[in-house]
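Two complexes, one shared chain (chain A), two partners (chain B, chain C).
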Partner chain A sequence: MAAARPLVTVQPLEADMATDSATTVHLPDVMKAPMRPDVVRFAHANLSKNKRQPYAVSKSAGHQTSAESWGTGRAVSRIPRVSGGGTHRAGQAAIGNMCRGGRMFAPTKIWRRWHRKVNVNLKRYAIVSAIAASAVPSLVLARGHRIESIPELPLVISDSAESVEKTSAALGVLKQIGAYSDAEKAKDSHAIRPGKGKMRNRRYINRKGPLIVYGTEGASLVKAFRNIPGVEIVNVERLNLLKLAPGGHLGRLVVWTKSAFEKLDSIYGSFEKPSEKKKGYVLPRAKMVNGDLSRIINSDEIQSVVRPIKKEVKRAPMKKNPLKNLNALLKLNPYAKTARRMALLAEAERVKSKEEKLERKRKPITKEEAAAIKAAGKSWYQTMISESDYAEFENFTKWLGVSQ
Partner chain B sequence: MQHDEVIWQVIRHNHCSFMAKIETGKFCRNPYNVTGICNRSSCPLANSRYATIRDHDGVFYLYMKTIERAHMPNKLWERVKLPRNYEKALEIIDKHLMYWPKFLVHKTKQRLTKMTQMRIRMRKLALKTREKIMTTPRKEKKRESRREEKAEKAAALDKSIEKELLERLQQGVYGDIYNYPVKEYNKVLDIEEGQAVSEDEDEMEHEIEYVEGYDELEEEDDIEDFGDIAIAQSHANYDNDEEDIEPVASKRVRKETALASGKLDKGEPGAKLKKRARVLVEVEHEDADERQKAVH
Partner chain C sequence: MGVEEAKGGPVVPESVLKKQKRNEEWALAKKQDLEAAKKKRVENGKLIYKRAKLYAKEYDEKQMELIRLKREAKLKGGFYVDPEAKLLFIIRIRGINAMDPKSRKILQLLRLRQIFNGVFLKVNKATVNMLHRVEPYVTYGYPNLKSVRELIYKRGYGKLNKQRIALTDNSIIEQALGKHGIICMEDLIHEILTVGPHFKEANNFLWPFKLKAPLGGMKKKRNHYVEGGDAGNREVYINELIRRMN
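Then we have the complex of A and B:
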């Protein structure tokens, strides 16, 4: 927000003297207020309920019969039926919401809460937002107004417009300031409303054109402009949110007269100075003074202290099962390598020796070996049958290992 | 006040009258949009520094807007005419958008390329003769067909054709064969039967003709002309009332034939129909019967 307040040129009209070149006015602080579409939408939704007229069905509708239920035992359903006889209506079901000619479910009542209360501060916030939005050409364009030929936004015209008396002159004023195409758009869009509204006294619809805001009470411009389709007139002291943000959408094209523009400062005050007309009211502050996030992030002050971007992202490695994967096992237990090697070698040894043994057994033995085995067997037998070992105690003691 | 980010938030999430959402994406109807897509970087409303190319009568202009002029919608867009030559135009774009963000420069050049191609194509097509697709106004077509039907019915084409052919027969355009096709022949005879019974009786007394069989089959257009001639003649000659209308069912055909041939003989000057009708005629009348009975 600039410290010096920017200037807005006042558009001269033809009737003015050409002497003062460009009168300028300071931009009031209202136009710098934060734009809060959510606040505006809430306030608009609730304020537009305040103009409603109650509707309801008749209190006695559906009950104007003396219907009694026939009870059980007559092979009919138990809803109340019309008493009497001699007419079609007798015996027909009545009163229930499912019955023909019965009262509706939950008959609408006039004591429904039609109007809504909106906090004063909220209402003011919404109006202030809407005024600020009307100063941003992009938002006015986005709302659909034709502003290609207006010289400046916010559009301020000289006070000579307030004394315009004829509608033709009013149209001329609009043409001079370039707002005529918007009014023309509104006139061309005059159409019959689709839907039942057309038979409920809301037959025609058209677009909204520019909103003219005037400053002095009783200006004749009201009468001059009020018959132009789409154009609305409002006094600056009685600004209406439903006119500043029609449909809850920000950015109506507003044409200010010079006196109205100058009054804005006193009506709404500034961010520090409270307003004169609204007791103790100070303009709301935005949560962020500079809302341009991308600009802030890319500014030098921040980029200089920001750490460089991490291009490579570290990802967690996949878990490997040590029982199946040898390298995973080795990471946990380095001795496993040698242990396993030893085991393998031992295994190989065992296998080899067994092989040899089997081979030797399977090979047919030579005559010398066979004779040797036989002789050994015989001698052992001899030792077994000799009795001398038993008789000689020394031999016996040898066996027993007894020491005397 | 005028922060692009704030504007974009308001426009995008609330309401922008230029946004057109269809199933394939979000598009921007703003005529100054470079790409045509509704995007944070291609929105001409949400970017205070923007450039596009627009064409006017086949001439391309480079439009630029800067934030200094953002509050004056009148003078917002600065316009530079681009030369016809594609390369020169690219150079001019480069010169004007020298320190601008790369995205905008790139998209502007892309747009220029596409528009140049379109321009070439359109010019080529304009030279060729193209079929123009006309819409068929359904209402008119239906109305015409309905009226056609009614006119057809009103015109009573059958009758006028009959009349015409009868006249032609009178004039001797056709030959002698009258009873083919059989159904129409019978029909006409049935019609004639009622009208010409008395006359028949009158005439047949003195005009009993025995003629040969079907030796020559001459082509006849329509037996109805034969029938019509009979009608015409009967209207002409016969003023009597229809007292004697007693359909003699069995011999009707032959009576009629004889009658017709007799009539024809009478009517025609005689050039072609000198030859009698090659039809076997057996004449029997109530009078004849009665006479016979009387005799008995």
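Then we have the complex of A and C:
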């Protein structure tokens, strides 16, 4: 990942020497860290609770009476009532949360847990995500910054900006780098806050403009830029999540000075090399190195082992009864056709031969046939009445009782 | 991934080219598979025809043989005793409720989980003893060729991948029982009828038959067949019951 470190050009300002044309800096590995909006939202939600001031009602509110219940039998409710007499207040209900002038339900206490602890690693993860997000133009645009005229993201300007002393000069710097429209947007959005916050010392609101990050301690640019509405200044060694991701949303427009940009590498380290400033801290790794799912799916490695797309959904065919439906029968038993054909033919044969037999029987017999029958009967009778060695009666052994 | 321009223009995106090539390869493979399958089907068809013819002849022969033996015995004055049946068809005639656990388990083992479910069964000491224990809940007998054929053709479903699939095509039977040499309906019927070497696999492939309640009614479920009821072994008369229940 660190092999291809793209170059970021440092935007020159007018005060620069014209000799060093377009110096470039390597992109620090922080800008390639995974962007986790869920981590940032969590960290921001909890860290923003840390600047709160406690509020509570007075602990004696509502109890500064010697009220006592009148008890039953007096045709009034049993709520404690103010003792004494001679004034409106006497006999009025007191103390309960439902009573006028009584104490509220669950009076707020100052020992409410106002601040939240966030794990150090989580805080660092969130900051690293926010820095990475500030390098992505679509995220910065989505957050609402006017970046149409800035030359490059991440926006790095030369160190001569750190020695700017006058606010007018500061505005000029912003104009040169194209961040002026963003600052202008913040200035124009100065308005009175809707809601009760107005009367609670939070009268005005405006949008956030660019965030200037400087590298050297005690740079005079702090004083120059701090009166510009919307613009915030922060030292690179003390980056604040609440400024890098205002409202928990990633993508603040960040303007880096060259020394700040170069310091990022040593402050946050890289994916393998631990940071020098933060003890034992290594940049977090993303769950997926290549998050582009469609590219992965369409890659050769996957497409070569993928099975063909099944466009036609195969549905089960309707079961037809083969005993009734001839085609269904033939599908299962192709021999059935010839079998049935043979059966039909055999049936037709049988019918025909029966017809013929009946025909013959119903026809009167011819003289020759009648004579033949008579002669056969006569000869048989002759054999019966004559004594013969008729021994071929194996068929009759059963009832004749004579063995062969 | 390549410059997007009008399709058919000078630069076609690489992804489109890749997809085209892939689709062509798939189409080619599919066509080859189809042709091979078609050839195999034709060959199979011939084989099935021959086998079905063979079986038809075999059944006829058996019937003629039986008749011949009976006539011969009658002629000689003796009797022809049919060999003991090898195949049984069992139908469950009682419902789910009020059953003792042992009989319930035996009926489950026989795959008779619903009233009027029917299964084929091989006859051996084990099965006969099981049947004896569940006699009041089932009726059984010796099915003939017509019963077996009609049951398997009309109400035959196979167990494929634990699913009940209708036997609409011989390919279903081949898929499940091809490795035992049973590739068509006629093979299956023959294996069941003549309890063959792979009867177990063939029978288990057949899902238990779901028969309808008998047209014309039953005599009396609660009694044994011999006492005028329906339960127990009714030998040959199971065929008449199957005609009414199929």
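The rule we apply is simple: the second predicted complex is superposed on the first by the 311 of 404 C-alpha atoms of A that agree within 3 Å, B and C clash if a C-alpha of one lies under 4 Å from a C-alpha of the other, contacts with A are read in each partner's own complex, and residues count from 1 in each chain.
Following the convention adopted for this analysis, a contact is a pair of C-beta atoms (placed from the backbone, for glycine too) under 8 Å apart; a residue touches a chain by one contact, two chains touch by 3 or more.
None of these values were measured; they are calculated from a predicted model.
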| item | value |
| --- | --- |
| First (chain B), second (chain C), both or neither touched by A:Ala328 | second |
| Touched partner set for A:Gln303, first chain B, second chain C, both or neither | second |
| First (chain B), second (chain C), both or neither touched by A:Asp292 | first |
| Per-residue touch tally on chain A - higher for chain B or for chain C | B |
| Chain B versus chain C as contact partner of A:Ile79, first or second or both or neither | neither |
| Touching partner for A:Lys320 - first (chain B), second (chain C), both, neither | second |
| Chain B versus chain C as contact partner of A:Val234, first or second or both or neither | neither |
| Shared chain A surface residues [contacts with chain B and with chain C] | 295 |
| Complex contact set, residues of chain B against chain A | 1-7, 9-11, 13-18, 45-46, 70-76 |
| Chain A residues within the chain C interface of the complex | 295, 298, 300, 303, 308-309, 316-317, 319-323, 328-329, 331-336, 338-339, 398 |
| Chain A residues touching chain B - in the complex, by the definition given at the top | 1, 31-32, 35, 37, 41, 132-133, 135-139, 141-144, 147-153, 178, 247, 249-250, 290-295 |
| Complex contact set, residues of chain C against chain A | 1, 15, 18, 22, 26, 29-30, 45, 48-49, 52-53, 56, 77, 150, 153-154, 165-170, 184-186 |
